[in-house]
């Protein structure tokens, strides 16, 4: 099975983090292909940045059309996800929705640990769009500016662990979601030290994408996730334009 | 006061419809500037098309930076709206949110009349993102393929009126929203024939944008609608890149 | 255009505050007429006081029937508003619903700054009746007794500003609503000092009422906002009784 | 125990219907006193009529202050109820909230059978204000004009029974609420013929009011149901004015 | 009237507490029969314990079939309640739903005071299953381990009172619910010292069960609370098996 | 990896259906063990039947303690699931929650196709307990009595397919969930003929359980899914009693 993972952020260092965690999780017979957003920002924290990253992800994925059995949009907040699902007749999985699926199977209420204060609103709206606000115990985040997006985990490990514990003890979280591609892999190191399950977005996305491909539930020929109706278009990258024809 | 209206669809004929209705509504001392999405699809009906249209709208608006006091995103469904609001320190108003504001001030529950079946899911999700699902009585839409996006109103006038009446009588709508830029102006012709208020998105957007500019409530320097934090970016159109620096 | 503004509180000093702010906002060609509740309490803070104030507002407005193109119910909490909308075939706008409309167009989540602890429950229920609880970040209020309803703004200016800042920093408010007719105009003085948009109820109501009149969306002949069905009535003030016949 | 029942409608015939049903239900040691709204409309169907009826009910009840241990607001839709609860330090029960309490104890989802189409919106909003929309299976109502408010039950008995059956079979109702004082007693005659519990508002209100008095849970000295704060008032009936001092 | 009260906990001391409070409340002509769960745990705090207690309650009640006119499931959290309602054609009332009914009739928002931290999740989910989360102001609980389930009230009286006051002052509770059979009767002793109504589950359940029996609204022959369809069963206690045939 | 699958129904024929579908899906290195409820009913359709089935499932699973890495509760409606999760420190997955997870990853709104009218209420409440009511497009079910629970698929294949199509075309379903263990495998045969993804509960549960085991997110030592606190218990099967000590 071939899975394409697109990083909607433009940082290669984040792509590398995602790839490392994804390879640790993927089944032996899964082939992973990585791609990085061809345009956009280094690290998505806001709705506008997600808008750009979502479109960039669609453009990147379109380049690989026909070569993947499943697609992962690998930024927490799932930039452009619902739209991208319309484009392809294979499973398309977002990091947030995958983490939410894991968390919901492991407990009733979850908390999200995030890397910046600004990112909270976008994450909350993403949870709401998934219809799961009633299961969100809290979002907690680092408050200080980040020195380097590639080393957030090491720079702030004590604070990240402390926030996870507070979410359990003060917010009633049954499960902790460690959010954001820059925190890929943190769940593993936190696990022994947090008294509830800790969920990672990248590994959840890889597993759930593999599952959906394996379940082969069929694709949408009708309904709101079918390919957009054919109509005139303009100024799109050739791969994308071809996809819409 | 200068208001920039960007049509997220690429059809000039739709831009012309919007402009005609906007000029009818705008105050004498308001100067309107029209822009059309530089890339995307002729008429947005799906989440993916809205993703492209949202980004295209941001690109188009960035070209005019400093020359407008208010910005209108003139497609129902408000493509990219929340993200675009982060970019500018002037009021940014979407056609849907403007129509919803008018409808909420005119009654308790509203129905949306739309031009295609496919467009319904996107509209519903837009209403939900506005937190107003509990006030949505129904969405009703044309089912047949459209001959020409520029002449929907004339081609289907009897059916559109019938759907509005059904929404009042069967769905309990207190207000009718005629949705979609191609239906701009239809509210005026329907009005005498529908026994409840009928709301148009373009004229609502123009009025509410003028109001917000006049109220000068201030812009977001903090919180989730402040300008995105400065960070490395890549491959953005120059006007947009400049805006993020 | 003629707009009638009724103050559901019986305090002339509050009517004067409302009028001052309304005149600052109204278009040059709008004629404002002020009225004060003929019975009720000096300042509405509770559901019962709102019940009386709502009926008193209806009585006052009925006296002016035929002389206004739009009606504003000028107390936060919108006493009697939905009922009063049934009576008149012109737009009727409440201070709260107008402030909520402005706030929703300016951001996703808003906080309300209020003048007394007691008033919070009534405001929360009003937001809920508007279907907007999911967008309410918080309500914060003065706790101490008020020396004089006409001078709340000056007496408590530092505390009011502090609460607005806390709402932004601690509650995640994208927009601040300064609630209550006694705080009319405070938004203007706060604006430079609060890092998000600040919304005032009176000026929002005036602008939105003017917009609805200008949009002339039509009135309700059917549905739940049509005039109440004719039936025997008893003991109503003559102007009101006439309206129901 | 003394219970005062106020009919917010001005029709003596409806008061008589309410009284007959209430006497059938009340405990032997309960003394019932009836009062009829001193002003308002013959039969409340709309929000405005409820506004008047709510205030009229408060005025009527204030005349009896000190002479009752519990108060019932005897119109479905509970006009003015939350406000009236603030006034008295004895239990105040509305017909709708009482019927909802019975229905919720008898099943998960309920349907409401009503006497006019117009009344539906008001009822729905009342259920929503009680926070119980998720348990409302449907509202069904007579559509035709009523010949006489005092004889609705006899005039439309077959249609009322049919609607109750449809609610069970088509809408998934576990319980039927027969709504509106003019239908007081209908539940008894329907009961054998409907395959789920049928709830009557008047008898529910009498029983629940007796229960609350007996439970003597205490009254609100603080919080949002405490007596409104003392403040200047104007033009209120003497009994009401005295209550607020 | 005969009412059977089943304690889903296996502690006889808790059954005694419940019985004492129930006898204080019951009408003179009500005969109470007590039963204790024949298997399960001493005091239910978790979902699993409630699962066992719910089934044990059904088994206990089935032994008394034909001898009661109403049944009370006397543990807060209402273990197995909705299922048990399907079994009997007489009213079945849970302690939580009864307390919620009382609280909703006495105010808009309520807080729950509970005896252990662990029990909070179960209570919250029970409130949610009743559709009343929007009226829940807070849940507050003792944090320390309990010395003896039979003497919680005396051991922790000061802390319990303090939590109730905090719920009023900090959480906006209009009503306090004292939750859990081990706190039966505490409401009476707290009442004078808490400035809002205080509701007790046992006495509410007794009163509301008596009311439902008296109202004789009929039982479910169809719909989701009718007796389960006949089908093969296996390994059930004889009384229960007989009930299903 | 060892996975224990417990059928909460007592029918061996249903266990066989589940096993066949599970073996088709499981990874080569997964060992499946099947168990059937030792007591209860042949096929669970109601809340009471689910109460018994949930407890029976716990009893059955406790017999296998220490021999499984993951547990599947294999009846749609997830009888006893949240309680059972508290008992084991390995992942416990329900058929419904697994199907919902798959459906949510494949689209926005889903419909459930069920085998009897009676079962609908239980399914709806299960979806609500998962917090996903806003994504439920509809539940459609067979209406006629079932000849044989083991042959539902063949007996009603045309009707089941028709209901799935209606859910897509009339209810706006993006995904179809074929619900109930007796329909295990139907998704595969329907797939080519339904124009949207079709989800099966058994195969979803197997895949998601395998994923959770592989992700090894850790178990709950605190919070609401930790093992219930030690306390006296009575009359439990030895394996279960041991688990609680």
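Going by the order they are written in, the chains are A, B, C, D, E and F; count residues from 1 in each one.
FYI, a contact is a pair of C-beta atoms (placed from the backbone, for glycine too) under 8 Å apart; a residue touches a chain by one contact, two chains touch by 3 or more.
All values reported here derive from a predicted model rather than from experimental measurement.
Common neighbours of chain B and chain D under the contact definition above: C, F.
Ranked by separation of Cα centres from chain A, the top chain is D.
Mostly identical positions are employed by chain A and chain B in their mutual contact, as over half of the interface residue numbers are shared between these two copies. With respect to chain C, maximal separation of chain centres occurs for F (centres as means of Cα atoms).
One finds 43 Å separating the Cα centroids of chain A and chain C.
Centroids built from CA atoms put chain E at 27 Å from chain D.
Each chain gets one centre point, the mean of its Cα atoms, and the points for chain B and chain E are 51 Å apart.
Counting partner chains per residue, chain C shows two or more touched chains at residues 82, 85, 108-109, 120-121, 125, 128, 134, 172, 174, 223-224, 226. Taken chain by chain, the contacts fit none of the simple shapes, being neither an open path, a ring, a star, nor a full set of pairwise contacts. Every pair of chains that touch is listed here: A-B, A-C, A-E, A-F, B-C, B-D, B-F, C-D, C-E, D-E, D-F, E-F. Touching chain C in their complex are the following residues of chain B: 25, 82, 85, 91, 93, 97-98, 101-102, 104-109, 130-132, 134-135, 168-169, 172-175, 187, 191-192, 194-200, 203-204, 207-208, 211-212, 214-226. Partner chain F is touched in their complex by these residues of chain B: 120-121, 125, 128, 133. Taken in their complex, chain D has these residues touching chain F: 108-109, 134, 172, 174. Only residues 10-11, 38-43, 45-52, 54-56, 58, 80, 82-87, 118, 120-122, 125, 128-129, 223-224, 226, 228-229, 231-236, 244 of chain A touch chain B when the two sit together in their complex.
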